Every structure is written in structure tokens, then in C-alpha cells.
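Structure incoming, see below.
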Amino acid sequence: MDQQRSAPRITAEEFQELAWQGVPFVRQLGWRLERFAAGDVAVRLPYSELLLRPGGTIWGPALMALADVALYGLVLSMIGRVEGAVTTNLSVHFLHRPAPADVLAEGRILRIGRRLAVGEVIMHTLDHPDPVCHVTRTYAIPPAQGSRGGLAGNGL
Amino acid sequence: MDQQRSAPRITAEEFQELAWQGVPFVRQLGWRLERFAAGDVAVRLPYSELLLRPGGTIWGPALMALADVALYGLVLSMIGRVEGAVTTNLSVHFLHRPAPADVLAEGRILRIGRRLAVGEVIMHTLDHPDPVCHVTRTYAIPPAQGSRGGLAGNGL
Amino acid sequence: MDQQRSAPRITAEEFQELAWQGVPFVRQLGWRLERFAAGDVAVRLPYSELLLRPGGTIWGPALMALADVALYGLVLSMIGRVEGAVTTNLSVHFLHRPAPADVLAEGRILRIGRRLAVGEVIMHTLDHPDPVCHVTRTYAIPPAQGSRGGLAGNGL
Amino acid sequence: MDQQRSAPRITAEEFQELAWQGVPFVRQLGWRLERFAAGDVAVRLPYSELLLRPGGTIWGPALMALADVALYGLVLSMIGRVEGAVTTNLSVHFLHRPAPADVLAEGRILRIGRRLAVGEVIMHTLDHPDPVCHVTRTYAIPPAQGSRGGLAGNGL
């Protein structure tokens, strides 16, 4: 898919700013972009004790917030700064218990249509190749990209 | 299903304490139990401006945290205080944009087996009957309920 | 939701005809409509030995075909004979092993929007109240209901 | 994941025989294995007019039957001829409308545990790289692999 090799339709800096403003809580997690190309995005969640659950594993909602960021970036990398794209559907499989280490979330686009986008994210901790979490997510893209005044919708 | 009419295998108070300890962040949301019977749990998320997203709707991850609480309560209401039940799979549909109002999450058990439990949650805002979010979630129940030292796993 | 009490936007007979023509294979299963109101559809799959799997349970794909019929009927009961509605997403949980008996699939609409419809089906065998299968399904509804020449898309 | 490079725990011929016996209907589709290694399975569905839907696209349930075969093979390639592995959960995204051409389904294992296995399949038609369908599927593996007398469960 040649279009996936091209430049993203929003810069990494613009995306980061948008995501930080949109959801301050998620910013606190300290995530950072590792790759940001059109349809190919990787986001890293640095390990911190705040993420730790009893049992020595990483807090599940933190992984889901990480998936949010990665999938949102993935979609904007393909369609640009479209206001009002909303999540319609989200499917998560928890696969292996994450060790206390940095987590890398890597996303790819499965479909970009005029009305729906579907992306997939898979995560692993940096100390082990086994995937800890797999997420697919569908976004509805608004038909005309008007001036709705900011990020809307349920997802990030 | 007669067993669903019987008393829960953990009290509402015990569950609340467990959930508050387990995930302090989610406690901040101020949720409270409206019903807590075996296999029939309702949790209310009081509206606050902190939950508001640009566009006048409620922050998606807050809805998911609410679903977490409801489904976790649902499972414990059936199996008691089992340590180490982990989420394996989660499926979410966002249905209608929630208005700025209290949200009620109502859960029911679809399956309780020895090894797997499946629950369903549906949410609506108190000002409107349309569902805003539908969640199904699968838990793996540990084979022997040993002394693993606390809540483990990815989910709440 | 008052609209769900009103008459369906396609008759039971029209729907049956459409579904039979569209997928002859599924017709062979011998399903029949038990209820067909707007947003409230029940379909019955009569038991036959052809449906039996080794182990004495019902063939999984037959249950999924039954879910197909019920969800397709559910959507058409709300939007009428719209050509080109396609399934975008499907989520299935197998809950209890079905006994060799008639299966009843009951569906309800979770969302009807201009562009997306979401429905839910739950099934049980007539000899037992435990649910055997739970399905959610999302349809994309074409923006203008033009003359595309017949049932399209992946689902039924 | 080194174990995925090793020999499958069931041969391609044994798997094919098992799948043909288990579900004669699916055999009629004429699928064949293209690759069968441990954790890496590809299955090809030859195009035929029988698969065609009005609108010139391939019948959705045929794609799902193809996913069934690929995921079942994937799991058996890792655990061998275990009787009684049943599908607990299935998540499908239809991505692009398939053209009338052979379809290739490629699967990979996301998780093999003692009790649960999760696999992923992605399909494309041989004339185009865009994915037409993405499926994740969870299997419950029976605790002891006794003599239950044949393939059981809902899935293939």
C-alpha cells in the first residue's frame, strides 16, 4: 500500500499537541512518539511505578489509554486534522501479562474509507517479544469536515 | 436463571472497598453502586465538569472505567472474592453521544463457568433512554483460588 | 424508545423473501420468523440432525447464520428495504454449548443512525434458558439509497 | 518467538483430514493449505461462481468459514490434535469489498497459553493487497486432553 509510505497528513508535533490538549490525563502517562509516518505509528509508554498493579503487572487502563493514543495518531496520520472522528467500536484482547518495563504500541491501518477507518495496535514490553495486548478500533469520519469546534466523540 | 436472584457472594461494601483500593484513579470518578445482587449490578457515575469533553459530551475513557467497575462487580457478585480473575477480552460499541448528565451502567451475566465468565454492560444517561455504550467482557477465572496476594491482571 | 413499538418498515413476508433469495444456503436451514416488529425480531431454527456436530452439539456456523438472519431482519425492520447496507463489524461470544433442540434468536436494536446501525442478538435453545450465543453487529448504511441492483456486502 | 519457527504439532495432511471430516460443508468450498508451520498458516479459497453475491462480491459467510479453517489450523499447529478446543469469542472486521478472485487467509498466533489460545487472521484477494477481512478468535483449551470422542464445540 504505497500511500502508507508517504508523509503523514499531520506532523508528529501537531498530533502530540492535539492529543495533549485533548486529554490531559493521558498526557500524565508520559507517552512519546517513536515513529509517526502515514499509517505507521509507534508510541512508547515509559515505565513508572504509578503504572504498577498489585501482582507486579501494568495497569490495564493505562494500556488502553496507550492504545487510544496510538490509534488516534494512526488515523490522523492518514486523514489529517479532521474534527469529529469518533470511535464506534473497540475490540481488545489481553494476551500476556506485561512485565514492569516500557511498553511499545505499534499501529497499522487496516482500512481508510471516506466514512470509516479501522486500525490495529499491538503492544509488547521492551524486555520481551510476546504481545501483551491487541486492539482493533473503528472510527466514523464525519462526512464534511466542518467547524465543529474541537475534538469530539468518545475516544481520545 | 434462579441463581441470579440469590444473594451476591460478596457484599456491596466489600466490593466497593476492593474496587477503591485496587484502582484509586477510578475512585476519583465518584461512582456509586445503585444495585448489587448476584448477577445484577448497576453503577452510577455522577456527572461532573471533569468528565466533559470539548463538544459537550462525556469523556470516553470515563465510560470505560465505569464499565470496568460494573463488570468487575458483576463477576464478583457471582464468584465471590476470587483473586486473580483477569480480563481476556473486551468488546465496546459506542452508540449515542452521552449528554452531560449522570450515567447509569447496568450489567448482567451471560455466562459463569468454572474457567470463564462473560458479562454485558449497557449504559444510558439519566435524561434519555437511548443506550450510549455497550460492553461485553470475558474474564478467565483461576483454576484454584490460592493466595496470590491481591488483585492481579489487566482489568480493574 | 417508542419507535421500536411501531410497525416494521418492511413486512415479515418481504423480509423472508429477500433473505431467501439472497442466501439460498441459509434458507436450507429452515429458519422461520417468530416475531417481526420494528426493532424486535425473533427467528427460530428448527432442530435437525444435519445441524449436529460430533459431541451432540449444534454446528457453530449454523448459529452464526441464524444470527445473520435475525440481525439483518432487525435492521431492515427499522430502515426498510435499503439496498447496500453492509456489515462492518461482528462480535460473537459462545456462551453455553447448545443442546440438540430448536434455537431461538432474539434481536434488539442498540442504535439506528443515518450512517450506522448496531444490533444485538442473543440465542437460547428452547429446552433451557441459558444463552448459547451473543452477537453484536454493526452495519454501514449507504448515504443515498440508490439503485445498486440488489443485496450487496459481506453479511447476509 | 522461536517456537513459531518449529515444526507443527500436527501435519498438514492430518489437519486437512480432520477439518474435512469435521465440517463437510466447508470442504465444498475447495480450500487448500498454502503454508502450514507452527503458528504460521495460510489457506487459499479458490474463486468460484458459487461464492459470488449480487453486486459482484464474495459471500461473507464463505470468508468466515475460511477464517475458521485458518484459525483452527493455526491452533492445532501449536497444540497438536487436542480434542475439545472450543471457540469462546470471535471478532470480525470487514474491511474492503472482495473482488471476484482467490482469497488468501494468513493467520498468526497471538497467544498460546495452557487454557486459552488467541489467533488472528487477515485476508486479501490475490489481485489486490488491501485486506478484506480481519478476524481474531479465542479458543478455550480443555484442561486434560481426554477421550471425548471427536471434535466438539461451536467453532469448526
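Quick notes on this one:
Every chain is named by a letter (A, B, C and D) in the order it is written, and numbering of its residues begins at 1.
Throughout what follows, a contact is a pair of C-beta atoms (placed from the backbone, for glycine too) under 8 Å apart; a residue touches a chain by one contact, two chains touch by 3 or more.
As the structure is a prediction and not an experimental result, all values here were calculated from the model.
Counting the residue numbers that touch the partner chain, chain A and chain C have more than half of them in common. Between chain A and chain B, the superposing rotation on Cα atoms measures out at 180°, rounded to the nearest 5. The greatest centre-to-centre gap from chain B, using C-alpha centroids, is found for D. Chain C and chain D have centres, each the mean of its CA atoms, that are 24 Å apart. Distance between chain centres (mean CA atoms), chain A to chain C: 33 Å. One finds 28 Å separating the Cα centroids of chain A and chain D. Contact with two or more other chains is made by residues 88-89, 91, 93, 138 of chain D. Put simply, chain A touches chain D in their complex at residues 1, 91, 93, 95-96, 110-111, 118, 120, 122, 129-131, 134, 136, 138. Chain D meets chain B in the complex at residues 88-89, 91, 115-116, 138, 140, 143. Interface residues of chain D facing chain C in the complex, by the touch rule stated above, are 22-23, 25-26, 53-55, 57-61, 63-65, 68, 84, 86-94, 97-98, 133, 148-156.
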